[in-house]
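Next, two complexes with chain A in common: one pairs it with chain B, the other with chain C.
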Partner chain A sequence: MVLIKLILRNIFSHKLRSTIIFIVISLVFSIMFLFLAFADGTSENMVNSILSITKPKCDIVVTAKGFLESKEANEKLEELNKMTISDYQSIRDKIQQLSEVSSVYVHTQPVNVNFIINEKRYKPVNFFGIEPDYSKHITSNVNITEGRFFENSDNNVILMHSSVGKQLNIKIGDTITTVGTDLFGQSITENFTVIGFYKSKIDSIGLATTALIDMNGYLMISGLVDGEASTMNINLKKNASLKESLTKLRQMAKDNNLNIEFNEFNIFYKNIEEIKLYAAIKIIVMFLSFIVIFIIMFGIMNVVSLNLKDRRKEIGSYYCLGAEKWFLNIMYSSEILIINVLSSIVGLISGLILRFIINSINITTDNPGFQIVLGGEKLYLGFNIYSVLYIFIIFVLITIITSFVTLGSALKVSPSVAVREVEE
Partner chain B sequence: MLLYVKLILKSLLRHQKSGKKLFVFISLCMVTIIILLTMMDSFYVKYLDEIINNWTSHIRIVSKNSPKLKPNSAFSVEEENLSLIKIDSKIEQFISNMPEVQAYSPVIETYGNFFTIDSDFQGFSWIRGIVPDSISKVLPGVIITEKNANFNYDPNNKDIPIVRGFPTSSEIIIDNDKFQKKDFRIVGDKFDNFKKQVIKDFPQLFSDTNIEKDTNSQIFISSLNKSLLDPNLYKVIPSTYFDNYDWKIDDTITKIKSLDPNSKKEIAKWNKRLYCSLYPDIIFPVPEEITLNKPLTLQVMPAKNKEILSSPIIIPITFVSYAKGIPMYPQPTYIDINIFREYLDLESNECTDFVIRLKDKQSIQIVKDKIQKYLIEQNYDYKVIDFFQADTLGTPIATSFSIVILIPVILLFCAIVIFILNMIMLSIIKRKREIGTSLAIGMTKGENIIIFLGEVFIIVTLSWLISIVVGSAAIIYLANNGLSGMFFFNSNKLFFVLDFKYIFLAYILILPITLLSALIPCLSILKFKPVEILRETN
Partner chain C sequence: MNSVLKKIGILLVFVLLTTKGVFGEDALEIIKKLDKVMYPNAKSEILLIFNKKDGKEERYKLISYSKDLNQKTIVRFAEPASMIGNDIILLEKNVWQKDSNAGRIIKIPSNLSFGGTGFSYGDVVRLNLSDNYAAEITSEDNDKWLINLTAKDRNAPYFRIELEVKKVLFVPIKSTCYGKNNKVIKYIEYSDLKSFNNVEKPTKFVVKSPLDPKETSTMIYTSEVKKDYPDRIFNKNNLDMRQEENY
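Right after this comes the complex of A and B.
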């Protein structure tokens, strides 16, 4: 109790010095937090823009048995395409019966084919089929800028990215002819009517080559039959355990003799190149921040050491009053720790406030290069608890190193200093 | 003046210890700032150079319909017909006569797919038809991995030599000459049955007595791998496998017979294929790795007048080398433009781009304007674009990375301001008695402030001098050896450019900041009353 009292008294009796350390650490913490939030935001943006359509985030991915193994064994694409789930409607019903499951939907493999409009033939574009159950999920990720979204009665209709509509002067009601080969290498031609244009909520110009079509049309150009699908995505309820759900799902498949397998999303899509790129950028950002923090640590040590030098009389007085060195060590270390932790918390809070403000300003860009850097059209600062922990750990390390380096020599004070009239 | 200098120096000597700490701190900051600013500039310059040297060159002449003229061209949907231009001898003559021009070449840019002789898809690539001898002149950054590779078309050779874009990580195939557990489609009981079948078919290869106890199949797989090295493996295939003709088995045996028995890797790879032909439902197909000097086919779409279901053009090719370009960009494949034109049914002066490299980057605008003016005069509607227009990604990436580096620099400046404030403030408190005495003997408050600021000036200047040595040494080292881990560059390294402007900039920026930071606590001296100070300290 006495120790805590003394620590707090010391902090307040040297208000100005404590404030300076406090400001520095808060400022550095806050900027470091924003710096890493930028790196986190780019990958979050990527997940919420292009990947939200091409590889939508879910908890569990359902495929035909052996699909993942074959994929990792570099099985030919045509062979992989043959590994499909049959009668997905009944499988979906069975999965939905599990209390942990929030939603299940089919996610289609893209069919990469050319298209013809206004008598011009264009390079291949990825056509994704939108199954009615998937509609609910995709509408939370895309905005319809013109026209309408899919309806159950739709047959051979298409939604194109708004940038393509403008670029190729496509209008609602126009007919697009797809030309190429289906998932099994068979030639196809199919007409689609344009019903509208979409934009991802966090848009990316990279989506220009992604077109959305209704499920009937998709069956025509993919070569799949009704009830056949390559992958299904499962979202679990908030409190459901992933491991337990996987065990239950696998048991359900075994009991019903279903030729399907369940994999965690992160295992199924562990090699997403885009995410790897942003992870590499984050490492560079972390490295740069580490260098800066190291130099600032030297500055903090300097200030703390000078502060302690200036308090020699105070230290001497403690010795006169019978304080042991370990006691002073604990007291001064705790003082440094309290200031550092409090300022880190303030730094984090101010960083969060700044993050909120910057995200609210809604800074966007049309430039494809900047969109690559930002992961989408919008500057978004993300939040990752590991980044916060990284900065916290560094600051705790700074505190420990500062205590070790500065206290050792600063506490070598003779008690006589306390009673000397003027310090040397 | 001399007295000031004397007083400042004396004061510095008297407070050596705290002065030294400030000196080390500012030196560290200065060195880091110099390195970071140089890194920022080097990244920007080198990255744009990388794009010019590998991807765009300095200037291009393109058709008015070229997709490169469209905004956001990097991601726009492009028409499959090529936007062609005709560069006649008059234009070529005009360009070659320009003193600023170093090299030029017509280029045809399109895309194509590679297929093996077995019709297996082996990848797709951005294809560049170019005059082979000019590649090192117009795109000097492109690394041709085989030093003596020649991709000039020789009519005596059936296959057209091409330089393949460096395979991406997903295209590189390893371990296709040995078995691993992941090579099998089946597990559990089915795999045990397969093991029994293989042991029954090839009893002589599985003599290990422990094979029965081989629960995790390690002995089985290692025996299988040993058998891959046997050039006569095909001779022990049970005759039942030949009851019905299987072209895959037949072709594979023919290939193995033609191999040099000492080329173990090739033998192992083809024996693995042999097993795959014998047990196609159990063993995954053995992928063909991308190698040089092997016959392949290249499929490209016709350059013009495409019908709804037009067939692709098939070109027999062989890879003679790999070409390494900028990471994160497509890796183009290079082919002799003359033979490419023949296959695409184009005239001898047709191309999609006419690429021009200049002697000096500074003259881009002048040359661009001159060529554009000439083309208008000659009634051509072609457009002249520079590398900024030809590539919409490089500049924003370089700018963004520079901003990322600038943030720590700003942070360091903030830290300097706050630490200097604190240190000077402490010094003033510590030296109250000294200041009081000097005021008592007649020195003015302003003179005291000058002495303080003088000390800061000397410390910052000395720090700067040291940081010139340390910073320059570090930059020279990084200019020669490069900073590793920079995956943006072809060499994976960023080579710094020593630019003294940043050394001076660091001083010009830090000196006023430190002096201002020191001035704020120094102003408190103005409030000092000598009698009170002396009384207080006593």
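Right after this comes the complex of A and C.
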């Protein structure tokens, strides 16, 4: 109790110095927080823009047996494409019978082919087939800027990204001819009628090379036959256990002698290039922030050291009153720790407020370069508890290092200093 | 008795007309002979001319070394200078190309457009027909057969090919390549019959596509020397080593 009283008294009796340290640490913490929030935001943007269409988040991914193993063994793409699920409609019905399952849909592999419009040939675009069950999920991620979404009766129709429509002056009703090879390397050519243009809810220039087509058209350009699919995605109900659901699904496949396998989404897509890229950016940001904090640490040490030097009389008085060195060590360390922790909390709160303000302003850009940096068209600052913990740990480390470095020499004070009239 | 013979006769004709195997085997033999005539073990010099729709012309000079009915083929660029070193090898139906700038060998789809021309890499390294397609004679006259080739698997470059084959010489006259939806992807016309190694064969192939009607690609065989290269030179490492020059 005496210790806490003394610590608080010390903090308030050196208001100016405590305030300076407090402000500096709060500021540094909130800047570091915003840096990491930016890195987290770019990843989140990527997940909510391009990946929401190309690799939509789900709980479980269904593939043909051995697919993941072959994929991880870097099997040739054409060989991987041959590993498909047959009669997916009946498999989907069986999966849906499980009480834990919320929805199941086919997610198609993109067919990368050139397209010709107005007698001009353009670079390859990824054509994704949209199965009716998948429509519900994709409509929550995209906005139709012009035209309409798919209907069950559609045959060879296409939704293009709005930026492509503007740039190439494509209009609803125009015919686009695809030219290239299907998933198995066989030549294809197919006409599609433009029914509209889409934008992702968080848009990205990366989606310019992503076109959505109906399932009938997809079968014509993919080389797949009706009932054949590369992957299916499963979403579980909110309270369902992933582990238990996987066990039940695997048992169901075994009982029905189905040549399929179930994998957790995070395991199946652990090597997503885009995510890896932004994860690398985050590591760079973390490393840079570490260096910045390390430099600032010397400043803090200096302030603390000067502070303690000026308090030699006070330290001497404590010795005169019979205080032991370990007691003073704990007291001054706690003083530094309390200031650092409190200022970190204030830094975090101010960072969160700034994050909220910046996200509310809704800063968007059409510049492709900036869109790549931001992971989408919008500047979004994310929130990741691990990023906050990272900064906290670093600041606690700073406190410990500061205590070790500064207290050792600062506490080597003779008790006689307390009664001296003039400092040496 | 007569009616029995008549019935047997009708039955025989019916069997002959409907049994796929009878036509299939004949057609396959024709295609095998065609492959043998067109794709001998040889060193060939090829000129590839690409007439673009803007009136410009692009030329490539290639030297090809092939074996086993094109199951193994190396194609080296002799012109233009910018393409020298970007050589191609066909191994087990897979086409690989050396990217001299990156110093890597990359796998490319056999039907990828060759330098933007109407030819695909598969056409240039000449994937043989008998291995990739099931053949059936659809009609014939005194001079030629019309053979329908259907892809044996999903990896064949085209879903279906209609091929006109000149009788006696067993050489192609014209081929039309179709996609899965029965749309024409390209036409190839074979002309300029010349004798190479005492075998008469077309030396000029003209490719047109309804998708790019204003563009034409022409492949001309300027020379062909019969040569049996050892198997060991047909590997990806040899794209750098150029062992074929020792034979």
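In this section, the second predicted complex is superposed on the first by the 401 of 424 C-alpha atoms of A that agree within 3 Å, B and C clash if a C-alpha of one lies under 4 Å from a C-alpha of the other, contacts with A are read in each partner's own complex, and residues count from 1 in each chain.
As a working rule, a residue touches a chain if its C-beta (ideal position, glycine included) is under 8 Å from a C-beta of that chain, and two chains touch if they have at least 3 such contacts.
Being a predicted model, the structure only gives us computed values, none of them experimental.
Considered on the superposed chain A, chain B and chain C are sterically incompatible, since they clash. Once chain A of one complex is fitted onto chain A of the other, the partner contacts of A:116 extend to both chain B and chain C.
With both structures placed on the common chain, the touch criterion links A:151 to neither chain B nor chain C. With both structures placed on the common chain, the touch criterion links A:244 to neither chain B nor chain C. By the touch criterion defined above, A:35 lies against chain B but remains apart from chain C after alignment on the C-alpha atoms of chain A. Contacts of A:220 after superposition on the shared chain: chain C is touched, whereas chain B is not.
In the superposition on chain A, A:303 contacts chain B only, with no contact to chain C. Contacts of A:82 after superposition: chain C is touched, whereas chain B is not reached. Once the two complexes are laid over each other on the shared chain, residue contacts for A:187 go to chain B and to chain C alike. Once the two complexes are laid over each other on the shared chain, residue contacts for A:177 go to chain B and to chain C alike. Chain A has more of its residues touched by B than by the other of chain B and chain C.
The clash between chain C and chain B in the superposition falls on 57-65, which is one of the stretches 57-65, 129-137, 165-173 or 219-227. When the two complexes are superposed on chain A, the residues of chain A that touch both chain B and chain C are 76, 116, 121, 177, 179, 187, 189. Residues 107, 109-112, 120, 151, 153-159, 177, 179-181, 183, 185, 211-212 of chain C are the ones that touch chain A when the two sit in their complex. Those residues of chain A that touch chain C in the complex are listed here as 76, 78, 82, 116, 121, 177, 179, 181-182, 184-190, 220, 223.
On chain A, the positions that touch chain B within their shared complex are 16-17, 20, 23-24, 27-28, 31-32, 35, 38, 66, 69-70, 72-77, 79, 114, 116, 120-123, 125, 163-164, 167-168, 177, 179, 187, 189, 205-206, 208-209, 271, 273, 277, 280, 284-285, 288-289, 291-292, 295-296, 298-299, 302-303, 305-307, 310, 366-370, 372-374, 421-422. On chain B, the positions that touch chain A within their shared complex are 18, 21-22, 24-25, 28-29, 32, 36, 70-72, 74-81, 111, 120-121, 170, 173, 182-183, 185, 284-285, 287, 306, 308-309, 328, 392-397, 399-401, 404-405, 407-408, 410-412, 414-415, 418-419, 421-423, 425-426, 429-430, 433, 485, 487, 537-538.
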